[in-house]
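Each of the next two complexes has subunit A plus one other chain: subunit B in the first, subunit C in the second.
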Partner chain A sequence: MNKVALNSKVSLVEIILSVLIFATAGIIMLSCFGIARFTQIRANDKTEAGMIIQSDFEVIKSLKSTVEMHEFLDESYEEKEPGNIYTKYYDENWKQGSDRDYSVTIVIDQENTRSGDLVKINISAEREKPYPFINKGSREIYSIESRKFFPYGGSHE
Partner chain B sequence: MDTKNQFSFQFIFVMLLYLIIVILSVMIISLGKNIYDRINKDRNTNYELRVSLSYIANKIRQSDRDEAVEITELNGVDAVLINELFDDEKYQTWIYFYDGAIYEMFTDADTAFELSDGMKVVDADDFNIEKVRDDLYKFTAVNNEKSSDLYLSLYSKAAGHE
Partner chain C sequence: MNRRTNVSVGMGGTLIITVFVVLCLMIFAVLSFTTAYSDLKLSNKAQEITTDYYSIHGRAEEKLAEISDVLYDTDVNESKESILRKLSDIDGIDIDEENLNIQYEVSGEKNQKITVALNLFFTDRANYEIRAWNLSNIELPVYEDEIIDIWEGID
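Moving on, here comes the complex of A and B:
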């Protein structure tokens, strides 16, 4: 009977060890699942942010004066800060509304010349909270910088 | 009697550990499957939305000159029409929504064709074109109940380019 008890103890230690190994492997696997999931979410965010930013750029490029541009920004963007900074917010499904999971910010730097206004435009999209499992540091998802010249005659660049 | 009890307790404990391993294994496999399914579904939706809108944007930007691009109707559906000239022959590329997909049809100018004759580009649940201004159009693609918009400015139609 003593022999049986000894064998049982040895097998118990083995089982506990295997449970520990299994738990370690499980934690690593869960971490990998988390990384995969949030990498995919970041890829989707990049697509959505890219579409929004490109669309806003297309609209601005089609406008004929800085007055029209500021009208468009006042209508489309929720917040306006001094210094020509406009921000609008999106929820987790990229629907513009009350939730603030993502933000799109446009910074306008206007330079007046004799023949027209040269506007430097920077649009960037950010996630309010950093992505879990992905240690990338920056919360920026997508960013474009460009320039648009609005001649005083009203015609296009 | 004590040794017997100890043996049966250890046996039950070992079996319990095995049971925990089995349950956790099933949970991890199930979790992995769910995550993989969601990633796959998101990837497909993302791909189809991005491809459909990027494809149209690139086609239009490629040909946006001398009134070559028109937004028109084809058998009751919104369509992008791109007029091209090769060896003095006029050709047309039509991009339109038909039967759950975006189709493209390249044909001689003014040749009649059925919507089903075109080549399927990418699946989509819905696709709309909305005219915002003469030189600005809004393209909306819907896939897996998720919609995405893209505004495109036609530089050839803008004032000063005509």
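Moving on, here comes the complex of A and C:
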């Protein structure tokens, strides 16, 4: 029968040095893993927010009048603030519900022209808390600004 | 028969193993960051193109509002020529007086443009209908033709 004996000749200095190297590298690695994780979350948030914002924008584009637009916003957005500001909230998995980890806000600026309503629409998505490890001041994830013209009597397409 | 094998880590062995493990973990950390950063760059690029698209869409809608206002302000008895003259004052639109078409383009910064074509019609008053609202590239990449000699077989 073969027996393997581990004949350790490790000095205390070597152990201390190994622990020090491991600790120093560990701090750097942990922050690197942390940055990677929250960078990935940020990238995913951008994609999710982009899809939600574009979807809402395309719905507004397909509507025929500002009345229809406000009906849609009243139905699909949770809060309405003065100045035509609508907000809806999402949880951390981007499901619309009770948690308020993310918010999507739409600001409507209505300008009446002689033949219709030219509406300036700004939709933005924000994260309620800033991302840890990523030193970015702004909590804004995604923002789009455009205009939609609603002619009186409907559009001819 | 018992055989005894002595394996000695020796002086410096622990340090070498530690450095090796740390290096491996470091490589994993950098790789995971690189992957995440690539995803973020892709998302940013998609956002830039989407923002640009909605910006040019907004400008196209503004131009449409301008045309609509001019047509709305016309009198019932106003002649076509007079209406077309008023429309020609709007910047950046092409008017085909023969076929009563209006066309305009709005270009973005990300190699995309929206081309809008309107049909004018004059019933009780001047009005328009949107004939086309197309998104396209400003410049398409040019691919050089490559002629390859292919064996044509034996007669």
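The working rule: the second predicted complex is superposed on the first by the 144 of 157 C-alpha atoms of A that agree within 3 Å, B and C clash if a C-alpha of one lies under 4 Å from a C-alpha of the other, contacts with A are read in each partner's own complex, and residues count from 1 in each chain.
Heads up, the rule we're going with is that a contact is a pair of C-beta atoms (placed from the backbone, for glycine too) under 8 Å apart; a residue touches a chain by one contact, two chains touch by 3 or more.
Please read all numbers here as calculations on a predicted model, not as lab measurements.
**Student:** After lining up the shared chain so the two structures overlap, which partner does A:54 touch, if you call subunit B first and subunit C second: first, second, both or neither?
**Tutor:** In the superposition, A:54 touches subunit B and subunit C alike.
**Student:** Output check: A:21 vs subunit B and subunit C. Expected answer is one of first, second, both, neither. What do you get?
**Tutor:** Once the two structures are laid over each other on A, A:21 reaches subunit C alone.
**Student:** Identify the partner contact of A:67: answer first if only subunit B is touched, second if only subunit C is, both if each is, neither if none is.
**Tutor:** In the superposition, A:67 touches no partner, neither subunit B nor subunit C.
**Student:** Check whether A:36 is in contact with subunit B, with subunit C, with both or with neither, and answer first, second, both or neither.
**Tutor:** Both partners, subunit B and subunit C.
**Student:** Touch test for A:12: subunit B only (first), subunit C only (second), both, or neither?
**Tutor:** After superposition on chain A, A:12 lies in contact with subunit B alone.
**Student:** In the superposed model, does subunit B or subunit C contact more residues of subunit A?
**Tutor:** C
**Student:** Hey, what residues of subunit A end up touching subunit B and subunit C alike?
**Tutor:** After superposing on chain A, subunit A residues 1-2, 4-5, 8-9, 11, 15, 18, 22, 29, 33, 36-37, 40, 43-44, 47, 54, 61, 155-156 contact both subunit B and subunit C.
**Student:** Can you name the residues of subunit A that touch subunit C in the complex?
**Tutor:** Per the stated touch rule, the residues are 1-11, 14-15, 17-18, 21-22, 25, 28-29, 32-33, 35-37, 39-40, 42-44, 46-47, 50, 54, 57, 61, 113-116, 118, 120, 142-149, 151, 155-157.
**Student:** Could you please specify the touching residues of subunit C with respect to subunit A in the complex?
**Tutor:** Answer in residue numbers: 2-15, 18-19, 21-22, 25-26, 29-30, 32-33, 35-37, 39-40, 42-44, 46-47, 50-51, 54-55, 57-59, 61-62, 64-65, 68-69, 71-73, 127-130.
**Student:** Could you list, by residue number, the parts of subunit B that touch subunit A in their complex?
**Tutor:** 3, 6-7, 10-11, 13-14, 17-18, 20-21, 24-25, 28, 31-32, 35-36, 38-39, 42-43, 46, 49-50, 53, 57, 133, 135-136, 148-153, 155, 158-161
**Student:** Spell out the residues on subunit A that touch subunit B in their complex, using ranges where they run on.
**Tutor:** Going by the criterion above, the answer is residues 1-2, 4-5, 8-9, 11-12, 15-16, 18-19, 22-23, 26, 29-30, 33, 36-37, 40-41, 43-44, 47-48, 51, 54-56, 58-59, 61-62, 64, 154-156.
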